[in-house]
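Only one structure is covered here, and it is reproduced in the block below.
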Amino acid sequence: MTQRALVHRISAAAPDDMSGIEAAIASGRIDPKGVVAVLAKTEGNGLVNDFSRGHATLALSLLFRRHLPPEQAARICLVMSGGTEGAMAPHWIVFERKEGGNTAGAPALAIGRAHTPALPFEHLGRLAQIDQVAAGVRAAMQDAGIDNPADVHYVQVKCPLLIAQRIGEADRRGASVATRDTLKSMGLSRAASALGVAVALGEIDRAAVSDADIGANWSLWSGRASASAGIELLNHEIVVLGMSPAWSGPLAIDHAVMDDAIDVEPVRTALRRLGLDAAGQLRPDARGRLVALLGKAEASHDGRLRGHRHTMLDDSDISSTRHARAFVCGALAGLVGHAELYVSGGAEHQGPDGGGPVALIVDRSPT
Amino acid sequence: MTQRALVHRISAAAPDDMSGIEAAIASGRIDPKGVVAVLAKTEGNGLVNDFSRGHATLALSLLFRRHLPPEQAARICLVMSGGTEGAMAPHWIVFERKEGGNTAGAPALAIGRAHTPALPFEHLGRLAQIDQVAAGVRAAMQDAGIDNPADVHYVQVKCPLLIAQRIGEADRRGASVATRDTLKSMGLSRAASALGVAVALGEIDRAAVSDADIGANWSLWSGRASASAGIELLNHEIVVLGMSPAWSGPLAIDHAVMDDAIDVEPVRTALRRLGLDAAGQLRPDARGRLVALLGKAEASHDGRLRGHRHTMLDDSDISSTRHARAFVCGALAGLVGHAELYVSGGAEHQGPDGGGPVALIVDRSPT
Amino acid sequence: MTQRALVHRISAAAPDDMSGIEAAIASGRIDPKGVVAVLAKTEGNGLVNDFSRGHATLALSLLFRRHLPPEQAARICLVMSGGTEGAMAPHWIVFERKEGGNTAGAPALAIGRAHTPALPFEHLGRLAQIDQVAAGVRAAMQDAGIDNPADVHYVQVKCPLLIAQRIGEADRRGASVATRDTLKSMGLSRAASALGVAVALGEIDRAAVSDADIGANWSLWSGRASASAGIELLNHEIVVLGMSPAWSGPLAIDHAVMDDAIDVEPVRTALRRLGLDAAGQLRPDARGRLVALLGKAEASHDGRLRGHRHTMLDDSDISSTRHARAFVCGALAGLVGHAELYVSGGAEHQGPDGGGPVALIVDRSPT
Amino acid sequence: MTQRALVHRISAAAPDDMSGIEAAIASGRIDPKGVVAVLAKTEGNGLVNDFSRGHATLALSLLFRRHLPPEQAARICLVMSGGTEGAMAPHWIVFERKEGGNTAGAPALAIGRAHTPALPFEHLGRLAQIDQVAAGVRAAMQDAGIDNPADVHYVQVKCPLLIAQRIGEADRRGASVATRDTLKSMGLSRAASALGVAVALGEIDRAAVSDADIGANWSLWSGRASASAGIELLNHEIVVLGMSPAWSGPLAIDHAVMDDAIDVEPVRTALRRLGLDAAGQLRPDARGRLVALLGKAEASHDGRLRGHRHTMLDDSDISSTRHARAFVCGALAGLVGHAELYVSGGAEHQGPDGGGPVALIVDRSPT
């Protein structure tokens, strides 16, 4: 007997629009008891004062509390990625896990989850956080039934951040935090989390990393990590997506790494590996088989794209993260033929400088 | 004996960076006497308070006045398109015309130019403006040696707008203007100009257009028009690009019409017609042959892209024109392999709603 | 036996920060059963994609549902005004009504409330809406025990708006709506609501108003209206604040009308009428007696302030409403000595063009 | 025989609107030969991509080159301060110096100027820059005929910044720069310049300052410094304004220090010292005597104004500098009765944290 992963991509008419998810629950397509995580693109600015994320999180929490006991609802990992620039469409991606079923389609998409212990505040942004995340990724792989790191194609880490009160707590214990700047702590936490994924997946050598590399040495990166910092947690929530022989069903996942913001050819190649022909733009039939695309975007730090200047880092009216999401989503939508894509920003050590990882989930059902 | 068109795409380090153009003049690559027009992407917001355009215009004017008699410098058509969102690279495109040369390569890219008489202010945004622009396009075609409208692939119209003082002048004559809102007058002037191009090129039937269609009936459009309103002129400056047997040299032009913001397949097909293989992304050698890409971007008025919601029209922090340029430039850059592209916004009647025309200039020289 | 109004101004650490209100309820300072309305400044952009308002509304609703039966919680009028530009402090203003008490301090601040019937969609932005709001204001005055319109100092109207579905409903009945542009319907609804207040308070002559004046003739205005459009209601919620002999207690209200964005002298005079000396800036003791300031801000339509140009209407990066709130809040905070002020934008017919009404609630308790 | 200072405040209709200055020159009110400096508020964002400043600078340079020999035109100090948020009016302030005249009105406003030697790049943001600026301020005081630092009321310093090429030059000499981040170098240069002023004026003790205080220890500040970094210079241009017995005429200057963003009482007191009664808002006659107001605005680093939270530092859509200018200009305009004020941002060590210096120039002519 195997497990089966279900992935539901559902359009959102607003950050608190639960109608699509409610309808799927009502019709039996989604069983709330099996929901492991919800990733979503919400339509705020994706930056400090983005209230679309909190609003969506509250609405989702209320929804799951209507259907589940509180402690079970609280266990669902909610990752809200703000910023739907360009024509990117706001949407929910609901990850569900079902027991039972035959082995047809194995190996198939597997979902694993882990929660780390609480991170001592003075470990944030340091090697100790890398180690804790790496251990968590290994636990989530085990939960997913994935032995080989090469079978992991996407790791979502939700990580803590520092606020004044937490810094104070560390101070009182005589411990010294990595930064007293709360905004910077978000970047450092994402950076250490991504490097933790890279260590767990064997993409970089743990022995070669020092504290000083975290958030600074962009030559170190994971091609499969996606990290996001949240004020509401003190530990890490980790979701691993990969291929496992212990899972069955029509879904499969693969990934590509874009070397820069328009490096779409590796994504085209990955689509082909998954059975989707993308000689030009994906045609409607193949497009329908692409269940979800999860990517990262950022402005290259040297202010250049293939030798030409970009102005994203010099724009004091629009954050570079917003520019980058719009632009990279355009490049990817030009390839796959629609823009209901999960493209998020803030890509410290998540793919090479100016580029980023792209995970693809497809439905292999016979037509 | 034929004529020959030269097109120089030159990177800009700032809105007033003339170093690249000056170097090309110093080395003899550009002869200022032959310059017909300069189109440029500058790095402002492309909206009302975009001072990067005025700054670039002043810098270009000073440059040409250093090399040409004032009246000759004043004749050069300067079209500054603000807004280099995403990774779009600021650049100059200098269009030059050279007499002489043999007929090798004919038909080839031809450049024609016309200036219309001053537009009475009460004609702006009305059928009379359409007629005046249509006549101007025909004159520019004649100047370019193009007989068949099908050989025209890009028409740039710089058109006037209304300001309080001009409205007052019309008032004193007892004439009634189409709008008293100066910002709206820009849109109406672009709209009538684009329809004037469509009439001249036979894309729409003049008899079927009424005043009420201008800026309202988006089913009427030109697949080759690009219009831009400027406060500094009272008439229209028109530049026509097309293929003519009376012109020779390695350059050729063609165009495509995108039906929506990610409809890149017609552009791929046009690249193929021009001899550039774009099975995937253009490779470096083919990329080097693409001299210039001139396109239009806008948010679709129904708030949808292929059935999914976009949020561009609801964003009160970033104008939809800025979102659209970033996104469409991403889609086109994903196809052609770089982002030094001329993608401009404000596309009334310039391509279908949410889509837009794309002109491509390539160098056919043997390698 | 009289009634007594309580007004609680409570700082907000975030749009969903209920801790201050919860603490006031826990300590008995606020009795949820008496709460009539909550007005709040939340920290979004105050425009279309301001999710701070919806987030605050949801959090407040959940709070009151924890303390009250659902239908009672639903009756509380929640008016979220987005936009805390400059140093304006996000805060809640909770209006509470208490039965009983002696007549000491009468006349005193009185609070009245009314709900109008649902507004037929084709009435929105037309004379019929003015009439319905005027009737509602009269009903709220009666509820407050205020006979003389001169005793009314602030009227908050929450009014409906049009969306596609509502326009369709009117269409099916063969009724014609005032506008098919949903954003414009917000402005028209606020405009008609403000004029309804002006009619009820005798500030303008109903017979002299025509449909064409609504949202167009800025010479018509109320010095006491504050209107806000919300998608969640189909009728009007009206809250009237004024002075009534039937109410007692230490609170009093008065108002001033600013003729332009820096016309603070009428506010100074109103403060004096209320017993607060504001020769210069209010000193800490007097400042402590100012319970709430409720004002309106907007950019003057002629682009001028006292003869000098302002650039608010030409700024395509920041909405003029955001500029105006920051600037006017600065002028008022310079007068009263702090910036936890309720300054809202979107002031159609609410005060003269470029100016606005300012209501002041003070505590007259002996010290 | 004495000298006389003239100060011309002239409205600007656009960043390149020279019509007002040209008219003043044509009518003889301004003699270009005597112009020492032009300070201006231009309508860009005041941040990295503010092209309104460069555009204004180019237009002013062309103007003065039409009236003066190039080397004389080049000597005029041009300080463009971007950002006219709220209702702040764009304007030019032309400072002119005239020889001759009797001693009536002495002491009067005096203008002194100095240029320092080029700053070695490795000195930028360090004690050596403080010392160089302090020496320059002393030279400018001597040029102005001011002996007593207490008679100095405003010091404008235009200072250099680092760019990649300059960092490279220092690297090649084996010298280490204070920062490799070019944006940060602007802040450090302004910070060291302000501290240089404070040292020259005896506001702080040079011996107590270390490199680590620069751009970090906000308890050190000048109440009279205004610093602005410009890419176009390698040294410092310093303009000192104060009172000197060697100068005559109707103009006088004084200053105040605002302790926070709404601390207008010290400004009111300074106006009184200058003979302008500001019990409430300045009345039109007194307002006409206020020739210029030069102030600084910034968001307080603790996110608070008099105990209430402000959201300026958490706003990822609008820079805190823009919020602060709009708000502080509102507070000052509420006091002086108009908004054609020079309020600039970026106030490192220029006034206390969250506050800033305000200089006032008045005309004492009998009426």
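Should a chain be cited, it is by its letter among A, B, C and D, assigned in written order, with residues numbered from 1 in that chain.
One rule holds in what follows: contacts are C-beta pairs under 8 Å (C-beta built on N, C-alpha and C of every residue); 3 or more make two chains touch, one makes a residue touch a chain.
Keep in mind it's a predicted model, so treat the numbers as computed, not measured.
> If you average the CA coordinates per chain, which chain's centre is most distant from that of chain B?
Using the mean of the C-alpha atoms as each chain's centre, the farthest one from chain B is C.
> If you match contact pairs by residue number, which of A-C, C-D or A-D shares over half of them with B-C?
Interface equivalent to B-C: A-D.
> Could you tell me which pair, A-B or B-D, is linked by more C-beta pairs in contact?
A-B
> Between chain A and chain D, what distance separates the C-alpha centroids? Give it in angstrom.
Distance between chain centres: 48 Å.
> Taking each chain's centre as the mean of its CA atoms, how far is chain B from chain D in angstrom?
Once rounded, the distance between the two centres reads 42 Å.
> Averaged over CA atoms, how far is the centre of chain A from the centre of chain B? Could you give it in whole Å?
Between these chains, centre-to-centre, one finds 40 Å.
> Considering chain D alone, which of its residues make contact with at least two other chains?
If we look for residues of chain D contacting two or more partner chains, we find 43, 45, 49, 311, 314-315, 317.
> Residue numbers of chain D touching chain C in their complex, please.
11, 13, 43, 45, 84-91, 261-262, 264-265, 268, 279-281, 299, 305-312, 314-315, 317-318, 322-324, 326-335, 337-340
> Which residues, counting only chain D, touch chain A once they are in their complex?
Within the complex, chain D touches chain A at residues 45, 47-50, 311, 314-317, 319.
> Within their complex, state which residues of chain C touch chain A.
Residues of chain C touching chain A: 14-16, 43-44, 49, 51-52, 54-55, 58-59, 317.
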